[in-house]
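Just below is one structure, and these are the notes that go with it.
For reference, chains read A, B and C in written order, and residue numbers begin at 1 within each chain.
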Amino acid sequence: MFSTLAEQIINGIVTGSVYAIVAVGMTMIFGVLRAINFAHGEYYMLGTFGAWFAIDYLELSYEASIVVGILATIVIAYVVGRLVMQRMVGAPAEAGVLATLGIALILQNTVILVFGGGYKFFSGGYIEPVSVLGFTLAQQRMLILVVCLLVFIGLELMVTYSRMGKSMRAVSQNIECCEVVGIDVPQVVLRTFILGAALAALSGVLTAPVNVNVYGGMGELITFKTLPIIIMGGLGNVRGTFFAAMLLGIAESLVATYIGLQFRDTVGFVTLILTLMWRPYGLFSTEARF
Amino acid sequence: MSTLPILEISNLTKSYGAVKAVNDVSMHIDRGEICGLIGPNGSGKSTFFDCSTGLGRPDSGKVTLDGQDITGWSLNRIAREGRMLRSFQKTVVFKALDVEENLIIAGQMFTFPSLFSTFSLGRMSRQRVTALRERARELIRMAGLWDVRHMPAGNLSGGQQKLIQFASMLMPEPKIILLDEPMAGINPKIIERVVETIKYANKSLGVSFLVIEHNIDVVTSICERVVVLDQGRKLAEGTPQTIVQNQQVREAYLGG
Amino acid sequence: MSLTQTSRETPLAEPSLEVRRRDLRLPLGILVAIVALSAPFLIGSYALHAIIIALIFLLPAHGLNLLVGYTGLLSLAQAAFFGIGAYTAGLLAVHYGTPFYVNLVAAGLMAGLIALPLGIPALRLRATSFVMCTLGFVIIGQAIAKNWISVTRGDMGLSSIPKPFFALGPASFTVSGTTGFYYLTLAVAVLATLAVWAIVRSPAGRNMIAIRENETLAESVGVPTWRYKLIVFMLSAVFAGVGGSIYAHYLTVVSPLTFQMYYSTTMLIIVLGGGAGTISGVVFGSLLFVGLSEALRVAPELRMIAYGFCLLILVFWFKKGFAPLLNRFWSFVGGVK
């Protein structure tokens, strides 16, 4: 009994790590743009598809496919960023919702149109089990955990010390002042957006061996999971997002085991609605950020 | 007529975090009076205003309007049931709607007995709207906005928008109006017109006023009594003449 | 809000002093009525099917227009209420064999009633959070439809929902065939359009616009904005529920896929593309965006891609949709130069 519980919690943490890497990009984009990116899960899907394409068509190794998947996503994100996201600076919140919804529709359905809507088998990855501290865990899951930690440590350092991190913080605090002191706001928006999309793609490529299935609609599901996370984490809050993602991952895992697998995908939105009622500014912020 | 003050605010306190924006302030406005509220920037005037009119919730204290305790009422209920109206520092009008529609909206909730009756298109409802339109036109003419009455309010000058806001507040025959810096950012010509409208509403319509104003000339010319706030506390109270000479008030302005 | 505008349909526009030409409203109305009534004889059955779908979608779109266009609340919840309406009508028809109009009214009421407890917490939220919350309703609705198997039969959904029939005492009458269904849908759509027109022209409609334009100012002149928003949210659900009931009867199947973002997105496109805050814009939008793509048999993926581009165009370049064009058309028809 206890060991199942512990196992479920660890599984939850792995799932949480997947969500966390996607959500952190979304929350950073919100930070600089004040807009929710409804298309964020699609970059997760694009990364996965890029890697799948690299393995199945180009016959590359999994390691190389990770690079291909992320690079392909970066190219697409650059185009979207230049054409759409940069225009959203200073636009009303509704405009952001609608524009990113439009992007999501275009990306998702183009992929379905090109590759077909069915499930595809993802063959790469490290699926050998390893034992750590008495728990057995697939290598791939270990990798996800480690990468997640590295990503968050890296982001934490970047936000605190690097020039780009500082300008990101500046833009998210006061966009008018940034223009006055000469920070190139559209440039910061574009870079943040590409970074966020690349992280989502990374998360997708890392998870693909665990999920095995790859399909065009997979991004939407991820978007729906990360939306509650970034709200619960307190929009724009990197650390809050990390904890919210872990909480959701664990909650989903427990619900799937003890209540029923079919209820797993609603955990996020139910928690979100309850959170919004109880603490409208998220679990980890005390002030209104949106 | 009763001698009770129209509006009485007692021991109002409101803090944001550790900062007490308004600290135990009490004041009253007599029936038919024009009372001024002055104080340096950040002295808590706006917070005091918001908490008295339902836009913010006071931490403690009591607001009594015409003998009725209205503490904790919402902004719309205070306006609708209490007939206490307020303006905003930044002039606001319904920009996309024309002047006449602006005024009709301002009067609607006072002529319709319930929320559901506003969904009616029946004869009663249409008659009510016609009556509102007539009253709106009367006020529009008075405010000198007749020629622009079908223009979208957002297309008019700042001064004209001020007048729309003012006329809107007169639609429901209010008991008391609270003005938040009515003269800020408008040209002297319009200032005169606003001063006159305030005096007219006060003398002929019997509306009481509480006015936040920085323009000391305006305050002296319209207010019978002035209350001074500084750092969230009431600093002084008296006729404009005594206030202008008050040493503490001078220091608050110069030192603040 | 930049997505909406006030049009000629702002309530009770005063007859202006501008030069008047001929008032073409009556002849135009008669022409439209003739075309609408004779459509089954003019076009093929597939095109008629496309128009039926467009008319069904018009209902939730009208509801959404009251929310987005007139009250300024962007919502993605329409699919949830559409689905609730479809399931309510389907369940009633399959289990109790109730006549069409009973199902229709029940579907509308059910959607409206469910909107009450959902709207109370959701409407406390600000713009972005409200949008997400309404999206949550769709996702939770789908989960319930999938998992409440004893009632909804899960993923299998409800099938063989009877064709609409009317019963009055001993007499009963079943609408079968595309033509019959077309007239039925047309009648409901016309009634719904008139209902929206009445709501918008009433003093409440003026208050709704006031809330959209500036909520705090509306509050300050005594408009109970929170209660209005709740009522409009419920009304929008009623329209969606009624639309859902017709949809269920038309397709004769209902599945959890009725709770899909696809429907919410389509309704958004209809309203924003046609012109939020105008009635004729929404009618035009549903014929254009749903009717036309249905008639051209566009593949669903291509249609969604097109919708995606439409959204981008609407947000950045064509902010008011077809509303300005329609406004010019209406002032031409109304005889104002």
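By definition in this document, a contact is a pair of C-beta atoms (placed from the backbone, for glycine too) under 8 Å apart; a residue touches a chain by one contact, two chains touch by 3 or more.
Quantities reported herein were computed from a predicted structural model and do not represent experimental measurements.
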item: If a chain touches chain B and chain C alike, it appears here; value: none
item: Far-end chain from chain A, centres as C-alpha averages; value: B
item: Gap in Å, rounded to a whole number, between the CA centres of chain C and chain B; value: 41
item: Whole-Å gap separating chain A and chain B, where each centre is the average of the chain's CA atoms; value: 49
item: Chain centre separation in whole Å, for chain C relative to chain A (CA means); value: 34
item: Where chain C touches two or more other chains, by residue; value: none
item: Residue ranges of chain A in contact with chain C within the complex; value: 35-36, 84, 87, 91-95, 97-99, 101-106, 108-110, 112-113, 117, 220, 224, 227-228, 231, 235, 260, 262-263, 265-266, 269-270, 272-273, 276-277, 280, 288, 290
item: Chain C residues touching chain A - in the complex, by the definition given at the top; value: 1-3, 74, 121-122, 124-129, 131-133, 135-136, 139-140, 143, 146-147, 261, 265, 268, 272, 299-302, 304-305, 307-312, 314-316
item: Interface residues, chain C side, partner chain B - complex; value: 5-6, 10, 12, 14, 16, 198-199, 201-204, 206-207, 209-210, 213-214, 216-225, 227-228, 231
item: Residues on chain B engaged by chain C in the complex (per definition of touch); value: 53, 55, 74-77, 79-80, 85-86, 88, 92-97, 100-101, 104-110, 112, 115, 118-121, 125, 128-129, 150, 152, 168-169, 171-172
